[in-house]
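Below, chain A partners chain B and then partners chain C, in two separate complexes.
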Partner chain A sequence: MYNETVARLTYRALLGRRRAILLSILPGLLILIAIAVRAIGGADDRVTEEVLGGFGLAAMVPLIGVIAGTGAIAPEIDDGSIVYLLSKPLPRRTIILTKLWVAIAVTMLFTTVPVLLAGMIMNGNSQQIAGAYTLAAAVASIAYSAVFLLLGTVSRNAVVFGLIYSLIWETLFGSIVSGARTLSVQQWSLSLAERVAADGTGVTSDVALPTAVILLAAVTVAGTWYAIRRLTVLTVAADD
Partner chain B sequence: MTTIEITQVSRWFGNVVAVNDISMAIGPGVTGLLGPNGAGKSTLIHMMSGFLAPSAGTVTLDGASIWRNESVYRHIGLVPEREGMYDYLTGGEFVLANAELHRLPDPKAAARDALATVEMTDAADRRISTYSKGMRQRVKMASALVHQPSVLLLDEPFNGMDPRQRMQLMTLLRRMGDEGRTVLFSSHILEEVEQLAGHIEVIVAGRHAASGDFRRIRRLMTDRPHQYLIRSSDDRALAAALIGDPSTTSIEVDTAERALRVQAHDFGRFTTELPRLARDHGIRLLAVSPSDESLESVFSYLISA
Partner chain C sequence: MTIPRQTADARIHDIGYRRYEGARLGARYARYSLFVHSLRGAFGLGRPARSKVLPWGLFAVMALPAVIMVAVASTTGTDELLIDHTRYALSMEPIVVLFLAMAAPQLVSLDLRYKTMPLYFSRPITRADYVTAKFAALVGALFLFTGLPLTISYVGGLLAELGFADQTTGYLQGLVATAVLSVLYAGIALLVASFTPRRGFGVAAVIAVLTIPGFAVYPLQALMETQDSEGAIGWFGLFSPASLVDGIQAAFLGGTTGFPAGVQPTTLQGIASLLAVAGLVALCLALLLRRYRKAGI
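== the complex of A and B ==
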């Protein structure tokens, strides 16, 4: 189920200099915003919710999910180096599951830590707001990793489709069409955050908790299963 | 003894037939898969490597299907044509990773031996991104050899290599063939195959054009009717002299080109008789050029032979 060599290669690919800088930009920005907010307006629960929800969970987490999820496999398929993994007596499911663990770990590292830090800086975890959004970021990291890893195995334009989903579907349609919010990883994870945050805060979701938990699990499992299936029948392009 | 058996295999991509009803068996020793660019060699090697499912027919390794069967990779080493190979690793790290993925008992020692075999020990600590094409090719070889496979499949392995590296790789492959391993390499260059493979399989336009001993096929290639475009000081007199010689089968006076189009079926005799006949008749030869020497025309002839 887990292969250390595949994991090492995937970590090296994801945390290489260029991609590591890309992964660090948004978390760095979130921390800077948090410092500025605290310095200018002092501790404010409402502003903390807006920054962590509107920027952290709505923009930063899916974008880092796209970079880590697709980056865990898509470049290898594009340049053909995946043949060095596929030509080994190694079950394809082990390759996908290992890459999924790595994508989840990287996404969680680059989302939960800055969300918690930013929350602590802004209001010192007043009303459990920082803790709630950190949990939401952790849960969303798992689902996004599975979805974007799948995209990496099915399309050469995985990053584009990932960005369309996260920015256009979740952020744009999600704010205009209420139905779109039901099919949104962000809303499912917010449903869990709502439970953790103190009553009366603005941490709310349009999706009920049982539905959110079922949908999160279903998307993660189905996405991973289909990614394994795709890799099992992946044909490597011939030049003639 | 390890044999790859290809039985009535076809592979099509939409309306394009890349491989058309091919059957062959690749056994121990060095076999060259020869054909012009775009003939279907890579498609065939991809099917032998388990990276492509045949649209029809079967590809097996000692009776076991290769497609969707990861266990065959214990016996197969692959040298792909594509260049992608984890450029952020050093050559040593890359070969070691391959040894670990094979779950060898001592991956470090296996990687060290494989790098030594391809004479890349000194450059093992350099990043692959800094390697020349020939060095990349040798590291690919090391990764394919690291688990001592009984079958080695190489797709255009000599591309981009300088003559010295080419000789080294040929020596290595010859040695592996002599050790009883099944070595198959593809190439579109006749001379490469001639130097290395005793047995060849020729693929043209997705079809199996010829199979067997290289010398016999080479003779067939040499003995085919050759066409020449000849310009001389007196084309009609030369035509009259040539048609009397049995090496010539037909002559056409091309008035537009102001030249003769000659077909000769006895290559050896024609090349010695043409200058002699011209001299005896006081005719100056201005230009003699073969008009059908492309590999494609040679291979096309093999299909009909």
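== the complex of A and C ==
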């Protein structure tokens, strides 16, 4: 179910050269903002929520999820080098599960650490805000990785569709149509954060906790299952 | 190998090759062709059907609010549109950015990936011509993409008799704001896309560069609001493309900003925004020219 070599290759593809820079721009920016906020305004719970929720969870986590999730498999399918992996005596299930594991690990590393750090810098985890958002980022990392890994096996435009989901569906439609918020990984993970954070903070979600947990699990499992299914029937075509 | 001796009856046969004697259209025509080809490519024209899905799908999403706005205004009988013309493109910013992220790598990354650059430069065009043609095409595509919905709502507004003078000034101001946005966004997107031959990477990079500053600026502006230093909100607006355009349209084109607490920028901040946009566009073009200095690439 887990293969060292596949994992090593995927880590290298994800963290090698320019991708690692792209991945660390956002966390770096979050920490810079956190330092600036603390230096200018001192500890303030509402601003902490604004930064961690508005920048961290709404922008940073999905974008890193897109880069890591699609980057774990899409480039290999795109340039056809996946055949070298497929021709090895490895179940394709193992390939997907290993890549999913790596994508989750990378997304979590690049999201939870900076969120926790930024939260600590801004208000020293008062009212459990930093902890709550860190948990939300961790849970969202798992779901995003599964969804975007699936996208990578389904479409050649995986990055675009991933960004359409995270930018247009979650951000634009989520702010206009409240119904769209029920179907958003961000809101599901926020409902866990709501539980952790102290009462009366601005950490709220539109989705009830049991629903959110069930939906998160369902999306992760179904996404992974279908990604395995897609890879088992994959034919490598050279066009475009 | 022995060299065959020249004999008296040796001759080169005329096998019918012909010289080109038609009109030579020159660099200007090559530039124009490159512009038209790129402009069409941005909308997927002249490409397979599945390349047309995303640009036209995004355009439909972009134009939909304009149609709805007009329908609402004409049934309720108000003479105010829901979204100001000057803020229309900004309020649909994610769509605009996605369109650019599809179009910019299409224009430049593919030329790098398939190594067609030497072919371009074997025509009578220079790298300045190439950069200007691509830049003009992307600006044009973006202007059409954002300007046509405005035109739809303007024409619809006139048909719904919303007041000719109001609508026309609003529409013209909206076009100017759209033009500023197009030039700035196209410059940044083209520069970012020109650095990678891989389309997927280009798409992600364009979106990241265009949206992340906005995500970073807004919480800082919100922080300034809690600190009661509202003058600083406008200055922070200088640090992201969206808030730059927002500041300009609010300062000079009679719009209102989407800044926290609805703070309006001062004239000084407006001028600074204009200068920043001009500087950024000039910088992008200069860097693009530098990028294509090496012919081999």
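Keep this in mind: the second predicted complex is superposed on the first by the 237 of 240 C-alpha atoms of A that agree within 3 Å, B and C clash if a C-alpha of one lies under 4 Å from a C-alpha of the other, contacts with A are read in each partner's own complex, and residues count from 1 in each chain.
Heads up, the rule we're going with is that a contact is a pair of C-beta atoms (placed from the backbone, for glycine too) under 8 Å apart; a residue touches a chain by one contact, two chains touch by 3 or more.
Keep in mind that what you see is a predicted model, and the values were worked out from it rather than measured.
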Touched partner set for A:33, first chain B, second chain C, both or neither: second
Which superposed partner A:125 touches (first chain B, second chain C, both, neither): neither
First, second, both or neither for A:54, with chain B first and chain C second: second
Partner chain(s) touched by A:46 [first = chain B, second = chain C, both, neither]: second
Partner chain(s) touched by A:6 [first = chain B, second = chain C, both, neither]: first
First, second, both or neither for A:18, with chain B first and chain C second: second
First, second, both or neither for A:233, with chain B first and chain C second: first
Touched partner set for A:168, first chain B, second chain C, both or neither: second
Doubly contacted chain A residues - partners chain C and chain B: 78
Touch list for chain A against partner chain B, complex: 3-6, 8-9, 12-13, 16, 76, 78-81, 83-92, 232-236, 238-240
Partner chain A, residues of chain B touching it in the complex: 18, 37-43, 45-46, 49-53, 68, 70-71, 73-74, 76, 78, 80-86, 88-89, 97-98, 100-103, 143
Chain C residues within the chain A interface of the complex: 54, 61, 94-95, 97-98, 101-102, 198, 200-201, 203-205, 207-208, 211-212, 215-216, 218-220, 222-223, 226-227
Chain C-facing residues of chain A, complex: 18, 22, 25-26, 29, 33, 36-37, 40-41, 44, 46-47, 50-51, 54-55, 58-60, 63, 66-67, 70, 74-75, 78, 157-160, 163-164, 167-168, 171-172
